[in-house]
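What follows is a pair of complexes built around chain A, which joins chain B in one and chain C in the other.
Our next item is the complex of A and B:
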């Protein structure tokens, strides 16, 4: 695997749209060619070379390309977005849409990310070694398909509207989450190791939500359905199972109504 | 001889009353009286004759004072600002005509700006919910003629839309609602006992911030599922009782306002209210409608909608595509994150409504405000360009809160030499063309 190292040499005045910083675009390109790729700041089109010092060379394909980004990326959007293979390591906090529409490969952010990250993620592995903002792994505005595959792990806390319209995949948040998690969820699995604020699983159709800590206010549309012993992300514990959201539509399978499930650790 | 102008459209709130009678002086210059309007609507017309109105553009000087300049100077300065800035916020539009908006959007496309309207701090969350789950709505005429169950949720038309209740929602007698008020059952859901609640048959006091949970409980009750003893301070018996009564109705209408759009959860509150509406359609006819504030904020959503596909916060900076993301391309976020380089405000007053931090950020950027009056925003602007009042001194198309287009009427002449929004924007558009042809500012 070939490695390309990007070091931020100039922090953008507004916000730089870095949709060209991912292994798929870099594949088969030399440092010089990468430096000439466009970066966008409002209506101004500049080059990546203007904002980054680029060293190394990309592999022939995305899968053979690793990108390491150093320096302050807190004003850069779309880093690693739409990647399908390869590896990206960002040693900084980053702005919106990091890892959004990701289909494969591995993305690691050693810092915090802003809102709309991992949006409609379909595959791959996305790890955030910091906190995440709102709309993590949610659907793009107006879409009814949020995160559908892959694994998204946050070491810190996440904001509100996490995993809205999630249809598949696995999301693990090791800290706390704010309001509205798993709203309109139709599949997949969310694990929250900390506390959840309110409105957990509102309008939940299908899928599983595990909460290790406390929920401030339980949704009225959930009813308890007994206790179960489970192993969740390496932790064995007893959980109270709830079925819901009883106010929402639910599909039927073999004549039985399929409910969403909420597990609350005891 | 003073004369009466009849069937005047009121350019104040989203109800767009169309039955005003305005008395105008002989020379067509002064409004002498307004009939049929509510107190706020009448004031909008009476404003026109108040002394001290600014009639020419003003530019801020180094010492902070304003100096009168010509329209041409103001147009040149504005066009240069728009062409130079890499990202400009063009915010407002809610109190001007659809024709003016259309010209404004043409400018925005050329200079790669972001167009946003007052929905961003008002019913934007409703629009997000509509983007997510659609909306089963109707016209106000259908409400008047058919509705026999009316729910006001988190809105207070008694103060915000004063003639709404008498024209459409509570008192009028319609084709199928011949008994008027007596034939309708009015519910008011709010966290405080408002003047609208006084007109309701039943007031349901929900705990602040529990609207989502209560709407969820109504959906759960409508499906006949179990509920906890109380939800948001409302006992479950009451919830079941209301859910049953709604099912018995012939036509249910839910009106909602800022109580839902700006309490915890915002768009999710509307989302679940829309889903309750959908559920109730399994039993009877049910529709839902946003109580839009500014008289033509709906129009701005309509024009942006058919031109770019999004009703507000449209980012045209990338030229080849229109983008929209609430939280990113919305005015307050753009200002708070200092993501724009210049501000262009028209037909609104963000200085009075935006969070302080956003306006502090705005005040540090080149700013142009186009508005008939001196207001909070003009005081932090580099240039204030006064224009004729749309709906009073010039006509133009507006959309009522139920998305019905209504052509507003000109009642009096604007002050001598004053430009209208359309004329001014056309001139700015031409100047932008010239500058772009010459290779920039």
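Our next item is the complex of A and C:
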């Protein structure tokens, strides 16, 4: 695997849209070519070379390319977005859309990410070793297609409207989450190891939500369905199972109604 | 104004019957002329195709429902809203582009006129604001009448003269172009929780049928002698088996004679026929009814149609057929907006994905192409995507390529997930016809221009006509065998002249031209009854006054007014 190292040499005045910073675009390119790739700042187009010092050379394919980004990326959007393979490590906090529409590969952020990260993620592994903002792994504004695959792990807390319209994949938040998690969810699995605020699983159609801590205010559309012993992300414990959201439409499978499930750790 | 000489191009002009001959076209002061002076700037068109600017007879490009689509679908423009280099402004959106993108993209494809297909009279100001902001292309808008309370009441009593007087009044107030009818009676019936799914289903309270509404509006249209005919989106859109309702509606035109001074020969324009040409009883045994419908259209000379081709994209459906949008929302569970427009109409908006892996979508795709390929008279069959309902207008080049290359459309047909089922439910695989460049010029230029009553000045390249000219990078002697190459050529004109000015050069916008808003001013005898009815309805039912209803000139500062006189 070849490594390309990007070091921020200039913090953009507005925000730099780094749609071209991912292994798929870098694949087969030398540092010089990468430096010439375009990036929007507002309505102006500039180049990656203007904002980054670029060292190394990409592999022939995305899968053989690793990108390491150093320096302050807190004004960089779309880092690692739409990647399908390879590896990206960002040693900084970064802005919106990081890892959004990701289909494969491995993305690690050693810092916090802003809102709208991991949007509509479809595959791969995305690890945030910090906190995440709002709309993590959700659908884009207005869209009805949220996270559908892959594993998204946050070591810290996440904001509100996390995993809206999720249809598949797994999201693990090791800290707390704010309001509206798993709204309109129709598949997949969410694990919150800390506390959740309010409106957990509103309009949940299908899928599973596990809360290890407390839910501040429970949604009225969930009914208890007994206690189960489970192993969830390495933790063995007893959970109370709830079915819901009873106010939402639910599909039928073999004549039986399929409900969404909410598990609260005892 | 500058002079141009377009030299050595292969000219396709149905108005003069020119089929690809090499011919020079002169342009002076915005008009096509026989001779230009020696100082004329020469545009070398050798090895290229020259046609008049294209006219889109039916697209939803401006107004409240288009804008509702824009604001409730931010995802439609997320990946696609950057500024391109040059004089253009930011272009955003795919199925519901911004007004700027709408103008630029039409111009890049060689279009110079677009008809906004449904204007709610109450929101005409909004429609004109958007039309005014759409660069380059000329536009007009058709006010909707098929569910209007005045019309329903007048036609119930068969008062054609009053209907005509009211239509003329609305067209003047709203700066409208003609009579649009959407799901006649059905949208009003929906306010009562019902719909009109045949042409004989009565509208509750008004006790009038869709057949009576269409017949009455055709009569009013010809009474006024408008440049365009009644333009109808029929009942029972989008349901299996609806081709019978379609034939019933088309038959209403039998015996009706066109009356106008514009050379228009049809009395009914039946729009997006693809959505109305379905056989079968349900989505399981859904089949093409294109042959049955086109067999009738081919022999009935006073009808024109447009296709409404499905382009197999993710798009946004929007129509003044409120009940249909509600029905569609029930099918795909995606977000739905409904807008009720007081006494006039109701519109709905729902996103839709025409997925090639879904059998029904693939059959719809085939039906749209079959309609155009069955058409015996290309002067009466126009290509549309009912933008954005069956697909975005930016896909016209692909639709042309499917029609012009059997190889290209067969490649698509044979690679559908359910190819076998699609082939057996349609006739497309057995159709060898390939639309020629001349036929394309009929279907996209001369034909729609005649149907809109604009054939004197538009849709052709005869001396004296308006200098709206598209030059494509297509050499008819070496017509591309590759579908993608056809698409590319039609997506980016080599040159577009609008009103004799170069607006697009090799696909790049170089001038935003001077667009015009067309509308029809119909003069009628003073009608005290209608005047009284308008006053009373505004007082009793409308949420605004008559004074706030009309579209002032400041909303449409560049008007092109077509006058008709129905006082004789």
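Here is the rule we use: the second predicted complex is superposed on the first by the 266 of 266 C-alpha atoms of A that agree within 3 Å, B and C clash if a C-alpha of one lies under 4 Å from a C-alpha of the other, contacts with A are read in each partner's own complex, and residues count from 1 in each chain.
Simple rule for what comes next: a contact is a pair of C-beta atoms (placed from the backbone, for glycine too) under 8 Å apart; a residue touches a chain by one contact, two chains touch by 3 or more.
Just so it is clear, the model here is predicted, and its values are computed rather than measured.
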*Is the arrangement of chain B and chain C around the shared chain A a clash or a fit after superposition?*
clash
*asked:* If we overlay the two complexes on their shared chain A, which of chain B and chain C does A:202 touch? Say first, second, both or neither.
replied: first
*Have a look at where A:248 lands relative to chain B and chain C in the superposition and call it first, second, both or neither.*
first
_So in the superposed three-chain picture, is A:224 touching just chain B, just chain C, both, or none of them (first/second/both/neither)?_
neither
*First, second, both or neither for A:38, with chain B first and chain C second*: neither
*Chain touching more of chain A, residue-wise (chain B, chain C)*: B
*Could you tell me which of 147-155, 309-317 or 363-371 in chain B overlaps chain C after superposing the two complexes on chain A?*
309-317
*Overlap the chain B and chain C contact sets on chain A and report the shared residues.*
40, 43, 140-142, 144
*Which chain C residues qualify as touching chain A in the complex?*
72-76, 78, 82-83, 90, 333-335
_Interface residues, chain A side, partner chain C - complex_ = 40, 43, 139-144, 249
_Please output the residues of chain A touching chain B within their complex, sorted ascending._
14-15, 40-44, 96, 115-116, 134-135, 140-142, 144, 165, 179-180, 183-184, 198-199, 202-203, 217-221, 223, 245-248
*Across the complex, what residues on chain B touch chain A?*
85-87, 111-112, 128, 131-132, 210, 212-213, 216-220, 222-223, 225-228, 231, 264-265, 268, 271-272, 275, 279, 317-319, 324-328, 337-341
